[in-house]
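Heads up, the next two complexes both have chain A, just with different partners, chain B and then chain C.
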Partner chain A sequence: MTQSGQYNFAYLDEQTKRMIRRALLKGLAIPGYQVPFASREMPMPYGWGTGGVQVTAACLVPEDCLKVIDQGADDTTNAVSIRKFFQRTAGVDVTEQTTASTVIQTRHRIPETPLREGQILVYQVPIPEPLRFIEPRETETRKMHALAEYGLMHVKLYEDIARHGAISTAYAYPVSVEGRYVMDPSPIPKFDNPKMEMAGIQLFGAGREQRIYALPPYTRVVSLDFEDYPFDPMRAEHPCDMCGAEDTYLDEVIIDDAGGRMFVCSDTDHCTARRAAGHRGRLAATEDAA
Partner chain B sequence: MSTPLLQVRDLHKFYGDRLGCGDVNFDLYPGEVLGIVGESGSGKSTLLNCLAGHLAPERGQVLFDTRDQGLVDTLTMSEPRRRLLARTDWAFVHQHARDGLRMNVSAGGNVGERLMAVGDRHYGNIRAQAIDWLDRVEITADRVDDRPSAFSGGMQQRLQIARNLVTGPRLVFMDEPTGGLDVSVQARLLDLLRGLVREMGLSAIIVTHDLAVVRLLADRLMVMKSGHVVESGLTDQVLDDPQHAYTQLLVSSVLQV
Partner chain C sequence: MSTIAAMKGGFNDPAVDAAHGFRALLNAMAMPGAINDVTGAVPVAPLSVAAGVAILTLCDPETPVYLAPSHDTDAVRDWITFHTGAPFVGPSHAAFAIGTWEALMPLDQFPIGTPEYPDRSTTLIVEMDALAQTGATLRGPGIRETAQLNLPDAGAMADNAALFPLGVDFILTAGAQVAALPRSTKIGER
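After this line comes the complex of A and B, so read on.
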């Protein structure tokens, strides 16, 4: 409890934050390695990113400026409630701008604007174990990580190609970290995988599964593939209909009853910033007029 | 005489106070098939699992002629090294195919797993080898994407064999490979195994309670009773002229094994 009699700064008590920070430091020291931690009950249900919230709580300092995104947007229920939670419990500034933020908590996306040194990206992770799909025994997957026995990861990709003619895994696409640990990047689209080699610090928190893992800045992150089926980040063959960007991840949006649709950046901050800078997409004019 | 592929010395395995197997000594030479027979509970599986590194014996040595360092005791080598051997130079065919297969992975993925485990990263190559091996165990190419759960018992066992042999292991362990199959299915599997053993010059240790299996496949035999080897020798010799009273009972089928 603080003097105000409300919450401790960022909700968690100092001892819990210390425990989480130790796990984070261990994770940063061994990139891609899943560190067990004693996940705490948070005042929100598990599906809401309690792992990410605990990691964010352990990282925040009063000077921080927090951004929270869900599927690239700052205004979904999930993002809004997590942002409000930290405004209330930590009193930190919040923002929707990637460039203005110091800590970003995310579900399902990496911002389009490259992170700079000193920024922290916190991922909410539902299932941290990339081998689980094919080897359910925890004792065995732990041994596989310890001995870097990762052939099974390729069995999963083999099955993809055998069934669909291509690697159909589009989210949570497995990566090899510094040629050592294989890691689940959380359910971000594989389009975002190349961005994981970045200047910012990336921290991953899985609440229900009680695991933390991390990537220090400039860590080598390679998406797994086959020589004859190389990794393909895949992007819809459209520019953004709002800002005209040709290098961003797009959401498909239905715009009328007649089956009309538009493609728009899933990163709303990025799209807004581009339009503010004068970029225009195919439908931007009508939208602005409306 | 060449170096033995495997030298077993003074091997003992206990389950608490109970002896699993004891005083086991033998050499296996490259290209040799050794049969281990004996009634149920005589210690055959215990011995095989000790040899394959699945069980840790209390005493003894299991020396394997490794490619890089010659004879090394597999019981004292590091676990990573032993696991590497298990997915490269060794193969293990389980009695129950479901213990040796990934039931939620296609037949092709099951066969390809060992190739990927040793670093093959070319899908087309992995698939071609998988199909080739399915063919060698008489499973048609159009089943390559089916899961083993859609296969009959005999097909599952043949798939398990293909999955094990695809990387050309130097030593194959088999525990009752024909157990639990119908008689006609057994005969076909035995035929297939015999062909593969000859064609590949496989070194193998086959545990079975079925003398017909060793008659067909094994060069030499060890007869086990209550955890001990009571008789060993060339297969025909042991079966046609058994010396130990227990072997005589076994051969005359008086013992229900």
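After this line comes the complex of A and C, so read on.
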């Protein structure tokens, strides 16, 4: 039995899946271009990953092993509920391990462990249009993409420098795909931008905005910058307090009323695996003893 | 009459067979030059298994289909109509075009999209005798360094790639194997 008995495999009806699948193939053929698609209402509110869920539903096969992360964590509400959704409607195995998964749906992070060929990373995207906050009119942004007229985006980054002395954009940092389309990488921290040149397939779904886009493996993805202000994948200057990692993206956590704070890996699977391998950070010993 | 033949050969388990078919097509389109095995469809001749899987996975009443002379038979029309409900149109309105390379020519009769909507283009399902990772050298998105594939006409396909981001995309089928050549792939001798 490949269905729960109540739902079609992976929830969506077949005609909807075909429509999404056609959009995904176009997206892969034109990397970085936002393909319009007839996004459906999903049994969750907009902003909770309706686009990502539809893309995942269109891609899943019964043999898949699904991982869902929210800001790097496998155990947050959004991740848990989406994982449960596909367990019920597609009957797929689920995992928290990046290496064991075949499809990963993510909200705003790329796993620290590099993806391998054959793995699929599905992003949940709130605003797919990188130019939207500069130019609100869809007719205009569409023309700007058609003409590859991206000067305005550089003006925005320049204004960052003029005001703050550096490019202050820290997440959803715009990228240029194969030197053609400027693309919103979804609100991942810019720390993750260099990882977008990867072996896995990256698919982006924006449910409310009804757009799908994609990056085939090994696609050239360049973060926009200036010669004198090169792109800097910012990272907090601390090791992880739990696993001691010095090369991961960190969350800052307030731990008392006296200004005490700790830094921990945002990628819970990566951090857990490192601790299981014996790595210890500044606060790990007390935590384990407690 | 061929009505009984037209009703056979569809997916046994439509949702799951289509999911597997799509994963193969997704991998093919994401990694130009890679050859994937597909199964599940048993279409009428001259359609190959792979072309049948692609049609059942992607076509429905929303996708106008053009049958090139090599594949424009009553049997094929009946089979596609019964299983997908896709309307048949001329090449200038086709979302999908099916046939051998020679029968599909000339390439410029198909929509290549517009600068605002480059996705409004035809996807050609090209029936071939065999697929092999030899011949033309491919570079571009989805390819780590280079890949090789026996293209039916590397010159015409390179011209199509030069139109990027406009252009048509190719799904290449032979027997139960499928590969793809999106417009983003650069084709060169070395």
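The rule is simple: the second predicted complex is superposed on the first by the 285 of 290 C-alpha atoms of A that agree within 3 Å, B and C clash if a C-alpha of one lies under 4 Å from a C-alpha of the other, contacts with A are read in each partner's own complex, and residues count from 1 in each chain.
Rule of thumb we're sticking to: a residue touches a chain if its C-beta (ideal position, glycine included) is under 8 Å from a C-beta of that chain, and two chains touch if they have at least 3 such contacts.
All of these numbers come straight from a predicted model, not from anything done at the bench.
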Partner with the higher number of touched chain A residues, chain C or chain B: C
Partner chain(s) touched by A:E197 [first = chain B, second = chain C, both, neither]: neither
Touched partner set for A:I30, first chain B, second chain C, both or neither: second
Touching partner for A:D93 - first (chain B), second (chain C), both, neither: neither
Touched partner set for A:P217, first chain B, second chain C, both or neither: second
Partner chain(s) touched by A:A162 [first = chain B, second = chain C, both, neither]: first
Which superposed partner A:L147 touches (first chain B, second chain C, both, neither): both
Partner chain in contact with A:Y229 - chain B first, chain C second, else both or neither: first
Where chain A meets both chain C and chain B, residue numbers: 143, 147
Chain C contact footprint on chain A (complex, rising order): 2-3, 8-10, 14-15, 17-19, 21-26, 28-31, 33, 35-36, 58-62, 117-118, 120, 142-143, 145-147, 178, 180-181, 199, 201, 214-220
Residues of chain B touching chain A in the complex: 79-80, 83, 87, 102, 104-106, 108-109, 112-114, 116-119, 121-124, 126-127, 144-145
For the chain A and chain B complex, residues of the former touching the latter: 134, 143, 147, 149, 151-152, 154-155, 158-159, 161-163, 225-229
Touching residues (chain side chain C, partner chain A) in the complex: 13-16, 18-20, 22-23, 25-27, 29-32, 57-60, 62-63, 95, 114-119, 123, 140-144, 164-165, 169, 182-184
